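Report on the structure given below.
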Amino acid sequence: MKRTLLVMLLVVVAVASVFAGGKAEANSAAVSNFIVPEGGYDGSPVTVKFYHTMGANLSTVLNLYIPEFNKLYPNITIAAEQVGSYDDVRDQISTEITVGNQPNIAYCYPDHVALYNMAGAVASLDSLIDSKIEVTRADGTKEILGLTDSQKADFIEGYYNEGRQFGDGLMYTMPFSKSTEVLYYNKTFFDANGLKPATTWDEMEELCAKIKTIDPESIPLGYDSESNWFITMCEQNESPYTSASGDHYLFDNEMNKDFVKRFRTWYQKGYLTTQKLYGAYTSALFVAEKGTRSYMSIGSSAGATHQRPAALADGKYPFEVGITTIPQINSARPRVISQGPSICIFGKANPQEVIASWLFVKYLTTSVDFQAEFSMASGYVPVLKSVADNSVYKTFVGKADGGNYISALSAKVCLTQEQAYYTSPAFNGSATARDQVGSLLAKCLTASDNGNEKAMIDAAFKEAIDECEYQN
Amino acid sequence: MQTMHEKDLREESSHQIVVSILVKVLVYFFVITMALFVLFPFYWMINSSLKSLEEYRRSVPTFWPQDPLFSNYATAFTTANLGRLFINTMIVGVISTLLSLVITVLSAFAFARLQFKGKDILFAALLATMMIPGELFTITNYSTVTNLGWINTYTVLIVPFLVSVFYIYLLRQNFMQIPDELYLAAKVDGTSDFKYLWKVMIPLSLPTLISITILKMMGAWNSYIWPRLVANDAEHRLITNGLRNAFTETTGDVNYPVQMAAVALVSLPLFLVFVFLRKYIMQGVSRSGIKG
Amino acid sequence: MAELVESKRPWKAWIYLSPAIFLLLIFTVWPIINTVRMAFLESYSGLKAAGGQTFRIGIGNFQKVLKYQKFLSCLKNTFILCILTVPISTILALLIAVALNSIKFMQKTLQTIFFLPYVTNSIAIGMVFAAMFNMVGSFFGTPNEIVVTAGIINNLLEFFGGTAVNWINYGSSYAANITVMVIYIVWNALPFKILILLGGLQSINKQYYDAARVDGTSRKRIFTKITVPLLSPIIAYVVITGFIGGFKEYTSIVGIFGASMGPADNAGRLNTMVGFIYDALSSNSQGRASAAALILFSIILVVTLINLQVSKKRVHY
């Protein structure tokens, strides 16, 4: 049910294993539901309604770039509207679709798109992306309507491919801005005790044991999101989680039960906690200055400032924060979750509205300046590789440290793990699966088993599967 | 004999005084305890509105902000377009309250005083409509107002919720307590129903009407889902919508301290209206001259 | 007598009722008809319908609702909360209203305080409960147990010599969860009920009390023989609408337990009928949501009819 921190999920298990080596779309029989008309963009005046969730400070960044876009396309009016939370956007649009009143563009998570697609409301982007039709802009310059090869190549692959995770091989979303999970650690404490952050879960187990002997009052590791943890473990383990087609819910298997049992023993030894179990922000546990504290915290890369302790009177921080990639099962094949909003475009009776929407989406997602500025304001990471070479962004990342410039440090770590991003299949019900595995993990860590651990875990897995299957 | 009797009386009255003081103390103890119980969230709202985000997120909550951040109020005021939100909410609140009162009074009068076939069935049917969760109506009503062309107007914020079975029922209960004799006497005098309603029943039911006014105004203040759906443009946006998500942090978390400050700010006029209306409730009471 | 006077012009009543009926037909009756329609269309979904899909007529939605493994648990929670909270909040509100009405010193201030919850944002109310009952820490019930803070309520309990209770966190008991919910719901319901009952009390003519006082009637007798009977229509109103509201309990549980509707290790434990309807709506299964709403509706209808029947005998007009 907890959809507030929904993740961007992409086909890796399903699609990558089926279409290993080949491109998904090449094998797909599905036909794009939007075909660019012969004339392409005709310059007629249209208004494009854009629903998003950006708070005041991010809206400010967006509002700087709308006039820039209008210099190129003065006839396209952008009406950007903050609707509320991600859930609000979803609920509002699914009501509006029933009377054909949906906006043109929306912030989205993959399961939202799966929902809208029950009405076939989201325009597939393939025909637009591949279009070679030339468009003349107001300043006299030209561009092709679609994406050039270099533009396509500039997207971080994992992010770009999540637009195709809907089981039919078609592209429905463009990545907007992204985040992932990183491991925050108390660098001051680690240095003082000669500890090194763990790169694998095996190392993590030893590390927790050591920390527990140094500070028995501590909970060495806090993990924000049980759902992310479960899904990431499936991904690292290469064990089934869900599938976009056929039998959706595949997570009830022995490999998954094994890692759940392992973490249960860690929990019983007092090594770890999660946000729901702790009953307060795990970041608050990490930044605590006295009493019970944690020395490692796994949380969103966009929330770096929350993982920094409050500054002392002299402006210094009580301890320095280190950031690194989360532990892996196989460090040769690292996997970290990709989350954060994408953008989808809705089908409309007037194809010019769809084309105008696309031009704006393309402008935002391929503009290095916008991506750089938005990332710095939001703490998210840009979706384009070339942003790393942008001078302003470079200066920003160059300042990275474990104190004042902690957001930059987080961004720096994210840039180094470009190859590791994964997302899970999206279908109507993928959000239920995500909620259920989170609750499942929390339950399996803590529930009393009356002497029969296996029976308790088996029952919990079965109940989670039943719930998933019932809801859809 | 007489003196004996007086002494008895005196003893009895001193006994009564003790009892009545004891009762008073108990009553005050009870009411003040309950008042503190009710007051706690209000205090918490103010407490939270003065904290820094870091302090708000701590594991062990603090009962008074370590370093009160009054700047949260300034931030709240400048971030959201409060002036416009206020005006919209006032327009919708006042018009819908007035219209709603008229409709409620007329319907409650019909149910309490007039006789017609099927009255009981109709009343039961009205009660029954309260029993279906309103969220189920949203899709149908949304398509109705879209067909009427009401999207992004004040009309769509006012008209669909003018009739409240809750209020009709409440007022009917009140009207029914006014004795039949008054009504019959008025009939004999040739007073029209409408005049009787206006001159007798409304004044006698003033406290209830004021309660309804308060509840209805609160409704305009707190309504969220419907206004967001049908009138979320800058010209018509209402206060709760304007405040709910204006303070969203980058990670999707809400900056609660600033949001609380904003909420406290918009509560203030409402609170003043309350203090003002309380007098009217008392006046309404002193005017009622007959049974209940 | 009254009937005689009125039956001459029955159409007059309909004129008085016409504005209400007109609006109700459009914005309430029509949606209800639509709800019934959706309930009897197999697996109806508004989005699928918008996509051009058609649906067979049948009772599949009802079967699916009744087959849900936690359906009985939702029903049980709804009933328990309703049966506990309506009487408690009504009696408390009545006592507070009578007490407020009987005092002079600080009466105005106290009345204002009891109105304050109206201007307190619901988010703040949810937060306060988190702080009051929430235990922060981990490994409860294991040798490694760490309690960072036990919460205000537990601090108070321990101060008075009691032992801390795990109210809402993982490992908490169903009884503890329900206790918290009852306190929270009663708290939420109090201001409205006090306001309505106080309004009613202040309409009662002082002469009744004066007469009683001259007769030397005891306080208890005044309360049971004068106040309650004269207030009975308003009490009936508060109880009946309380039950209707109680059966629709949902947001208060989200306020305490979050969208998982239960402690961390037992998601969905406190889910209610309306929570179930919300779940169905959020996966756009309006057919199933409508069927569940109709089932809930028939339950509330029966309870309300019983209520009305009882109040007909007891209520004094």
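The chains carry the letters A, B and C, assigned in the order they are written, with residues numbered from 1 in each.
Here is the rule we use: a contact is a pair of C-beta atoms (placed from the backbone, for glycine too) under 8 Å apart; a residue touches a chain by one contact, two chains touch by 3 or more.
From a predicted model like this one, the values you see are computed outputs, not experimental measurements.
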{"item": "Excluding chain A, groups that stay connected where the other chains sit", "value": "one piece"}
{"item": "Central chain (by mean CA position)", "value": "C"}
{"item": "Winner on C-beta contact pairs when A-C is weighed against A-B", "value": "A-C"}
{"item": "Inter-chain centre distance, chain B versus chain C - centres from mean C-alpha coordinates, in Å", "value": "16"}
{"item": "Whole-Å gap between the CA centroids of chain A and chain C", "value": "38"}
{"item": "Between chain A and chain B, centroid-to-centroid distance (C-alpha), Å", "value": "42"}
{"item": "Per-residue overlap in chain B, given as positions that touch at least 2 other chains", "value": "59, 139"}
{"item": "Shared-contact residues (touching 2 or more other chains) in chain A", "value": "4, 95, 98, 278, 280, 285"}
{"item": "Residues of chain C engaged with two or more neighbouring chains", "value": "46, 136, 148"}
{"item": "Contact set on chain A toward chain C in their complex", "value": "1-4, 91, 94-95, 97-98, 100, 115-116, 118-121, 217, 219, 267-270, 273, 276-280, 285, 291-292, 428-429, 432, 435, 439, 442-443, 446-448, 463, 466-467, 470-472"}
{"item": "Residue ranges of chain B in contact with chain C within the complex", "value": "23-24, 27-28, 30-32, 34-35, 37-42, 44-45, 48, 59-61, 102-104, 106-107, 109-110, 113-117, 119, 122, 124, 126-133, 135-137, 139-141, 144, 159-163, 166, 168-170, 173-174, 176-177, 180, 183-184, 187, 193, 204-205, 207-208, 210-211, 214-215, 218, 222, 256, 259-260, 263, 267, 270-271, 274-275, 278, 281-282, 284-285, 288-292"}
{"item": "Residue ranges of chain C touching chain B (in the complex, touch as defined)", "value": "1-3, 5-7, 10, 12-14, 16-17, 19-20, 23-24, 26-32, 34-35, 46, 92, 95-96, 99-100, 102-103, 106, 108, 110-125, 127-128, 131, 136, 148-149, 187, 190-192, 195-196, 198-200, 202-205, 219, 230, 233-234, 236-237, 240-241, 244, 247-248, 274, 277-278, 281, 286, 289-290, 293, 296-297, 300-301, 304-305, 308, 317"}
{"item": "Footprint of chain B on chain A - complex, ascending", "value": "4-5, 53-56, 58, 81-86, 88, 92, 95-96, 98-99, 101, 179, 278, 280-281, 283-285, 287-288, 300, 302-303, 306, 310, 377-380"}
{"item": "Complex interface listing, chain C residues touching chain A", "value": "45-52, 68-69, 134-142, 144, 146, 148, 169-171, 258-261, 264-268, 279, 282-284"}
